[in-house]
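First chain written, first letter: the chains are A, B, C and D, and each begins at residue 1.
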Amino acid sequence: MSRRVCVVVTSRPSYSRIRSALQSIQAHGDLDLYLVVAASALLDRFGSVVRYVEEDGFEIASQVYSVLEGGNPLTMTKTAGIGLVEMATVLDQLRPDVTVVIADRFEIISTAVASSYMNIPLAHVQGGEVTGSIDEKVRHSVTKLANLHLVSTQKAAERVVRMGEDAATVHVTGCPSIDIAREMLESPELDVGLFEEYGGVGPRFDLSDGYLVVLQHPVTTEFDQSRVHVLETLEAVHKVGLPTLWFWPNVDAGTDATSDGIRSFRELRQPDNLHFFKNLRPDDFLRVALGSRAIVGNSSVAIRECSYLGVPAVNIGSRQDGRERGANVVDVGYDRDEIVEATLRQMARGRYPRDELYGDGRAGARIADVLASAHLTVEKKLAY
Amino acid sequence: MSRRVCVVVTSRPSYSRIRSALQSIQAHGDLDLYLVVAASALLDRFGSVVRYVEEDGFEIASQVYSVLEGGNPLTMTKTAGIGLVEMATVLDQLRPDVTVVIADRFEIISTAVASSYMNIPLAHVQGGEVTGSIDEKVRHSVTKLANLHLVSTQKAAERVVRMGEDAATVHVTGCPSIDIAREMLESPELDVGLFEEYGGVGPRFDLSDGYLVVLQHPVTTEFDQSRVHVLETLEAVHKVGLPTLWFWPNVDAGTDATSDGIRSFRELRQPDNLHFFKNLRPDDFLRVALGSRAIVGNSSVAIRECSYLGVPAVNIGSRQDGRERGANVVDVGYDRDEIVEATLRQMARGRYPRDELYGDGRAGARIADVLASAHLTVEKKLAY
Amino acid sequence: MSRRVCVVVTSRPSYSRIRSALQSIQAHGDLDLYLVVAASALLDRFGSVVRYVEEDGFEIASQVYSVLEGGNPLTMTKTAGIGLVEMATVLDQLRPDVTVVIADRFEIISTAVASSYMNIPLAHVQGGEVTGSIDEKVRHSVTKLANLHLVSTQKAAERVVRMGEDAATVHVTGCPSIDIAREMLESPELDVGLFEEYGGVGPRFDLSDGYLVVLQHPVTTEFDQSRVHVLETLEAVHKVGLPTLWFWPNVDAGTDATSDGIRSFRELRQPDNLHFFKNLRPDDFLRVALGSRAIVGNSSVAIRECSYLGVPAVNIGSRQDGRERGANVVDVGYDRDEIVEATLRQMARGRYPRDELYGDGRAGARIADVLASAHLTVEKKLAY
Amino acid sequence: MSRRVCVVVTSRPSYSRIRSALQSIQAHGDLDLYLVVAASALLDRFGSVVRYVEEDGFEIASQVYSVLEGGNPLTMTKTAGIGLVEMATVLDQLRPDVTVVIADRFEIISTAVASSYMNIPLAHVQGGEVTGSIDEKVRHSVTKLANLHLVSTQKAAERVVRMGEDAATVHVTGCPSIDIAREMLESPELDVGLFEEYGGVGPRFDLSDGYLVVLQHPVTTEFDQSRVHVLETLEAVHKVGLPTLWFWPNVDAGTDATSDGIRSFRELRQPDNLHFFKNLRPDDFLRVALGSRAIVGNSSVAIRECSYLGVPAVNIGSRQDGRERGANVVDVGYDRDEIVEATLRQMARGRYPRDELYGDGRAGARIADVLASAHLTVEKKLAY
């Protein structure tokens, strides 16, 4: 009998990251896929994935609305609580053989706790990494709830084992986000007009002479400063002057501060080199990144996918602290001058060689194989 | 300015355990205590602690009802979610400098996640231990959310550090439950009539010729078997025939199975040597345990406090697997014959010498001192 | 295409009352039944209906746990809120053509609001009656949310219309609880041993020389007095001395006060003429009532079914104030002497003639017919 | 001792409407005001009232986040459920002598049910009116929960009594929204630059040659059509060509459809006569309305305040069906041609004479007086 695999996607980037694994699970003869779309992944404001899921040919087993609006730590916490109440219902109805959660966003704790408390084995993709902020707590906390660990790098695997997990439950699959990068390279040109297809807000400019990509998330433990931080980046890319494609951040405490910063900057400075997008198809986003002179901000994409693609990256602030990185990344503080200087230097440097630190682009298939063959149990005990 | 310390108690045994620390926090010149009573700690059915809290002279800062009735994994999970939503409100109102959670019951994840997501430093008492069942996941998961670790034993401290916590944040205080045992020994006789004071259900017998104490919790990952397990213990103590004081278990998935088991046994066998209690004051419970010929079941009291007190213990099943134990404990399976045999052997053996494995009885004061002096931060990162 | 009818049952008495309508809906060629069991109807403590539902051959479309434990107005209110959140999910999944709620217990507001807000036509059974306590507010409030009114009496129909409802949406079906009474009369003898089948707590006595039936609910707007009230009744039936079958009340604020009152009375007085039951099959309960010398308490059964059956009833306190009643009912206050006196008088009076005030026993079929044929819409507007 | 009055505001328009009553309550010697700001009234996206509350000199007793993001009937329903759970906590903490809810938005059911179930007398402002859509159900349903009715018109009072409420509990105070209109007329000129003060999106034009005001809410029982409806209005005011100030709608199922309609119209047509605002201070909004050639849309402001102010109004669609109206209102369907024609006609007609149908502008003081002097009870019973 096929194993029932419930994969819970809570945000646009998570969907992007796990898509190749979803395809492999769906195609696997011994697995039945139950895809749950939850939290900000359902909301237009943060880039609903529903359309992409359908285009990609997946069926949605359940939609879970859990985002309590407010954009502050109180509502973020209650969102996790509502998500926990709701995921209990979903898991009770789907009764999967294993639940899969991805990475480290705050909403995944809801699924991880629900699966654990309902005695359903939990698989965690992308554990064992080290970063800054609340993500760090969430990620390792989920590791201690998980029964199966599908990690991106050898070093991540070592950390998970050192945390006391049974080595037999830890599998280095590579990061599935690299899979999309690998596939994308087979047709690296956008086959649609970027502005025509994706709209967005701001001037539409000629991208043929080079452009920047920016993706900056609020950092939740520095809630009050999100507005200040984003303004430094806005000033910096304004000063660099190159056409810039700015991608809207996800839901998080601080989102509203970030959004407000962006809005007030637009009002005040009326920048003519910034265009804002809410959401792109994952492969198109990578095409855009690949074509850019540099990617700026604090997204993990700049470190993971862009190391494989060789795109120069300027990583700002503490959000990615501790994450393993390749040669393509330059780190700077929340300082407009530092950002300008690093961006110009990276633009001058040009493309880097491919780095397979985060995988060879075949993680999805490996994840499916492990889910199909691993011993599944809810029992675990500290290894020491 | 005094530090605001929010201690969240979610069950009768947790209150019992933390009481000496509450006293030390309340008495400490640099600390203000905010005691939150939540979940089953508010419910008569599981032994409300409200009366004891008042008798002990603590003020309750907030009462949090979170138990969704049903006694199964689904409602247990939703209880955790409701608790998370509610604790967000409480922490938003109290705005403590540090939140304290105790041990490893499933409800504590609500407070641990709420405190983490609201950027309030989290202190965890009794981390680093190893047991069976869902408690194991909860305990270590909370360790990964916590910023301060107040552990019972040297070995627990080592485990917490091995899991990647900064050694500077780990403090061996001993277990505060031992504090009550130490204090109790100053007046080890009950100064009330047990039956007169605590009522309960069943015959009232003369305890002067020896009696047993039983405390058996359902084991949540073995949900369906709770009823079977408790029946084995019931049959065993019925067969031993000694007057037996049986203490009602806590809320948990499986509670109703346990309760039903007990009820149907009473109907069927009409045992004349069993008396059932819902709740005793913590010190009185230890007096009763101290006076017993043996303590039977799967409670941690048998392992912690009773090692200090030297009470012979028969530990049944997997619930305490992995917990460090002294010489006073004999382990058996869920088997009436094994239980009978071990109980008779322990009764014959008599009192054991004091073992300070779980502390010297001064943990409360140490916990207060650490809370007053430790560097408090929400930032943390895996140590490797 | 058949209409999808979602009937939500939130308590044992509601199930009992609606059973004949469920049978008629299930048997109706143009209707598909979706039965949702929610709130206290799922809980053993208040008499789970799950077993009876299965025995009666209905499938449960969804189980909704919503009771937040605590037994006070705060948890009662939160229970309604949790129920609303959960019923939204259920109705979103079932997408019925019409939702049916029964009577006036506080939990039904959850379903009524959910159905209204999700644009699903709402049918209300047993609106338009007048009683005391919070039920009064709930009942009429639900009337103002409902699109279809299936009432028990002509007078109830008149009241619903006077409240501004379109007369075309109001149907006098009779009360479906009378249907069970009518059916029961075809075989009015218990075909099981009462004590053997239903257990319960207390002495088992010979019922052939006459007995009383007691069913007393807490009255929520008189929360603090529930304990006092139940003690008056306990003292009264103790004094009357006849064997008495006491049926446990439903969940409600005050339940625990009622339960505690009962428990302490048992401890203190050790009554030898009281036997306590949690739940009987509806028809068996009516058989027991039919065989009794009188029914005592504040249940609507004493007024509805017992008027049809002619069982003498002693109605205590304010809970049934304003409800239409037949000759079989004597009203008394919360006073042991009054209760004793009225009970003795009713016992002496003996059986009353049948009264069809609440219907002729064919309400279920009429309800099903209306659900199948009525114009269903969510639109409504005050008629004046 | 002063009565504790808890007023719950759940939206920008509600705040605007109740402000004069808040002032009178705060100034009243026998009343203590506890202002709760909840639901969309806290959210920037729908016009947070927090800043205005502070500017007006009120203290916020509690902030209640309850909006589950999603903009559809499912999330709207869950929002009501979350609000109910949260309001229970708030009322338990504030323990007011009376709770006040305003009008008929879907979120007020949460407060109305919470207050009823917690045995706190409920006062309802603006009951007894008749409109279209879900508001109709909410309003009358709240009437049946309320103990005190503070209505706007004589006709509303009659309706409340006909619905079965005790006439002694019904008070015609006039609508407090008229109070702001009356006060505003003392200084009817904006003393700030509209665009400078309130920003907004779109061209800034000279208003001295006349302009339109538009305020159009989604109609929840016509969820799917919200986008179509708003497009008709957009086309119409585009065609009229006069500078138009468009005010963003409130949170509701359909909001996102409305917002999307607006956004896509702006992208496609790039209208040069539309400026969009999120929120104005209530008095400034009325100044803007007063200065307009006509107010267009489906807001109750066009019917209430504008009848007093004599501003010509074009009321679109079913949302205000049944609401009493003065001579200033012309009703049209969701049809661009009808809207254009009616708007031009109203522009040509010019200002109407004052109509005191909705009050004389002294409702706030009357409301405070009734709250201070009325007999407060939770008991009620249908009057017939």
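Just so it is clear, a residue touches a chain if its C-beta (ideal position, glycine included) is under 8 Å from a C-beta of that chain, and two chains touch if they have at least 3 such contacts.
If you're wondering where the values come from, they're calculated on a predicted model, not measured in any experiment.
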Most distant chain from chain A by Cα centroid: C
Size of the rotation, in steps of 5 degrees, that lays the CA trace of chain A over chain D: 180
Distance from the mean Cα position of chain B to that of chain A, given in whole angstrom: 40
Where chain B and chain D are represented by their mean Cα positions, the distance between them in whole Å: 52
For chain A, residues contacting two or more additional chains: 74, 78, 82, 85-86, 89
For the chain D and chain A complex, residues of the former touching the latter: 42-45, 65-70, 74-75, 78, 82, 199, 256, 260, 267
Residues of chain C touching chain A in the complex: 85-86, 89
Footprint of chain D on chain C - complex, ascending: 73-74, 76-78, 80-89, 92, 106, 109-110, 113-114, 116-119, 130, 132, 134, 136-137, 140-145, 159, 162-164, 220-221, 223, 321-322, 378-382, 384
